[in-house]
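Both complexes below contain chain A, partnered by chain B and then by chain C.
Right, the complex of A and B next:
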């Protein structure tokens, strides 16, 4: 067993988890809605792309673009229409109604996609080459996936830290009334966060399709893994979420290599429970 | 004389519950006006209605003779009214400096960030010392300074204060009111409306004021400890 390549696989999987979870965390932090349809949004973009490029024969770039657009429309629909009744409530009531609404969307998307397009598996082939640095061997797909995820996460981080929009989003996750008092329009930023979350999660789907295959049924798994990462990272903390994603990816990859896929999932849940027991405030604590 | 803020016959409340009944008041340029009254009189509701957090049911709110009632909060901040609530409503995990910068979120204020930051640091030198510290790690008095500093960063024409001395040690309350006086000297056209429960805090700061009970304005005029009318309200309404 090649440890170096396992570590690399784990980091890539972890970066993809971080992408999924960062959108979840942003939406939860700002809108107080835990988006159970987040993994389905990922699948929506891969299925759209697969259908358009394989069935209709569109060029891949165009199919990818349309995949993103469909996902963004679904995100906007979720925020602007489906969640209207939830936004009329505050606190726990909003969280609970938000869970129902997003769960309903998740189920209808899941059912619709696996019934209508059962064979819409997306694999993105990139030019194959191998890079050898000292004793480490990397496939081109791994390298591209890692660099792309890393670039997205860094841009997200810089966006949140360095721009007015980012500052507004960070302030809204901490104190909605305070943000209102300084004149930050809440609804506008809620939509923006849903759009950013949708964009990042559809890119996560494409990146996953570079190193593996994404099928129409995998949405639930991505949602659950994303939620686990959020919990480990501490909700509302982006740096914690990124760190937790990589950690979870590594642990999961090593568990699969050592004890097999099914038991690995169980052990991963045990790992999450232990982490939450030891550090309930999130793995890096309350910070941005 | 043009009023900076003019509220006329305002009715407002939460959902079906009406809190404010036919409230009228005004604040002129360069004036600090007190709004006194016991707990539950509707003072905070009035401030929240002026900035657009609560939508008025009836009546008009004029800023510089332009009606602003019914506008969203972000629009009203942009027009020049900023509210400082008693709970301060800071961003605890952001630094003092980031909190101040966010105060200047509206487009008008962004153009004057440096000027206003200097003003805030002159009035509250403590905030400059703590610029890189997290807002949540400061004492109550310092957080109150930050809340006022953040409000000043929004480049307001009118500042609304909801019990700025609440929860502060008497010494801090004194420092705070002294700094408000300094502020008025530095920004002459600024208007301030201060909600307080205690006359003693505002009598040296304000010449004029209003008293509210049960959602109605019941007194308007001079605010001094010796004023006879005020003495009456002090005894019967618990205004101290």
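Right, the complex of A and C next:
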């Protein structure tokens, strides 16, 4: 495998990491809940799409749409019903209860999905062509995945930076009480953040299934990788998360090629542990 | 120095009843090796839960590496025995000390770096994942995904007992010693006061002069030692040492459930939690992966409506002398 294609694979993987982790970051920043069911939300949408398009024979576009809708409903359920007891608490108690609640949801979703739909693997086939620029060869699936995730990340960034809603979300993240004092409705924005996170993560699932296959059992893995990226980038910084995602994807891909999957994962974990100890605010700090 | 004299009689009765129950229970099921096997397994999970309860329930250190610490103990003991480098007792002692050291280090790091609960959780979760992946990757040492077997460990006087009962009584003995020790520490020493203060409010505890950091790191040390000890004996008991035995889903998850169901920071809580979980687990065994769904949904409902656990509930409504 030559280096150029490794770089490209790494960047795509990293962009997908960024997509998953940015949802985690947003939800943690605003709701103070570390959503451990985030990867399961991703799998929920791919499994729904796979079941609808393969078993029921729906057209792919419709199945994708329904997959997104199911994930959005699950995120809304998470925010509006499941986390009610957590929102009644403050500070560390809320974080711990949120952690346990989402962990419990993650395990029930995981168990349910692998029992009910053990064969719901999703692979999205895009028209195949190859682009050659100078000495670089790109497959169409890679190009589409890279462009789509880049577009999503840019629009997320612009949404947070340029729109009024984005500003409100950032203010709630920085100082919840201050933001509430100037009249920003926290419940509305919390739901919005959960919906955005759900949307992005289900799109990340589809993008992942353009370049690879996503199975019903992979939710835990996605959650953990998203969490690791989130920690490296800083749990409150979107730009840090995006940067950390791409960096992690690149480094991880190279490490896998050099020392194998398990040891690469171990190296990544050790790096995360060092980050937690040395720079708990993330590599870019608390900057947006 | 006796701190709480009020319910001393009731409490010592409970402890005695517990000891007698543990002594008699296997004799009732002597013809059913499977039940004794399950009881022994429950004992080990109870030990893990005890350690986790001390870490998380009493000092608010969210260690998500219970399985990994127990697993390190089991692997070290197993490898030492397999290579014939030491006898079983030395191996168990060595792995206990090693895991205690690791736990102390982790606890000290998290206290000194003033990590918030969630970062301690992430840090220890990373330890769990490192452990699982290393044991799978280092095939020549650990036997990879399928692990390795250890057989014919001799335990001197206990050897005339059948395999299951031998480990049942060994684990019960450790469990009772730990319970009584914990009981003594919690209700008869200044350390017990310190725990109660930290449980109520960490900052205030620090302000009135309790050396919170020291209490936390010492708890980390002893809880990890307990994990290493019970983990390495658990390895001897199960005779097969494989990564899946110590994975997050097979140790940490049930342990959290046991502690939350029974009651965080209580001594009898893990006993009740473990009994309930074991019975439920046996009833649901046929369902396979669906048990995860039931576990998850149960946990959600427990957290939403019954967060303080069974013991707190009983304490408030029925028997204020429970502990």
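As a convention for this text, the second predicted complex is superposed on the first by the 282 of 288 C-alpha atoms of A that agree within 3 Å, B and C clash if a C-alpha of one lies under 4 Å from a C-alpha of the other, contacts with A are read in each partner's own complex, and residues count from 1 in each chain.
Everything below uses one rule, namely that a residue touches a chain if its C-beta (ideal position, glycine included) is under 8 Å from a C-beta of that chain, and two chains touch if they have at least 3 such contacts.
What you are looking at is a predicted structure, and each value in this text was computed from that prediction instead of being measured.
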Which superposed partner A:97 touches (first chain B, second chain C, both, neither): second
Which partner reaches more residues of chain A (counting touched residues only), chain B or chain C: C
Which superposed partner A:182 touches (first chain B, second chain C, both, neither): first
Which superposed partner A:66 touches (first chain B, second chain C, both, neither): neither
Touched partner set for A:171, first chain B, second chain C, both or neither: first
Touching partner for A:192 - first (chain B), second (chain C), both, neither: neither
Residues of chain A defined as touching chain C within the complex: 34, 82, 84-85, 92, 95-97, 99-101, 103-112, 114-115, 224, 227-228, 231, 260, 262-263, 265-266, 269-270, 272-273, 276-277, 280
Touching residues (chain side chain C, partner chain A) in the complex: 60, 62, 109, 113, 115-119, 121-123, 125-127, 129-130, 133-134, 136-137, 249, 253, 256, 260, 288-297, 299-300, 303-304, 307
Residue ranges of chain A in contact with chain B within the complex: 164, 167-168, 170-171, 174-175, 177-185, 286-288
Residues of chain B that touch chain A when the two form their complex: 51, 53, 72-74, 76-78, 82-85, 87, 89-94, 98, 101-103, 105-106, 110, 150-151, 154
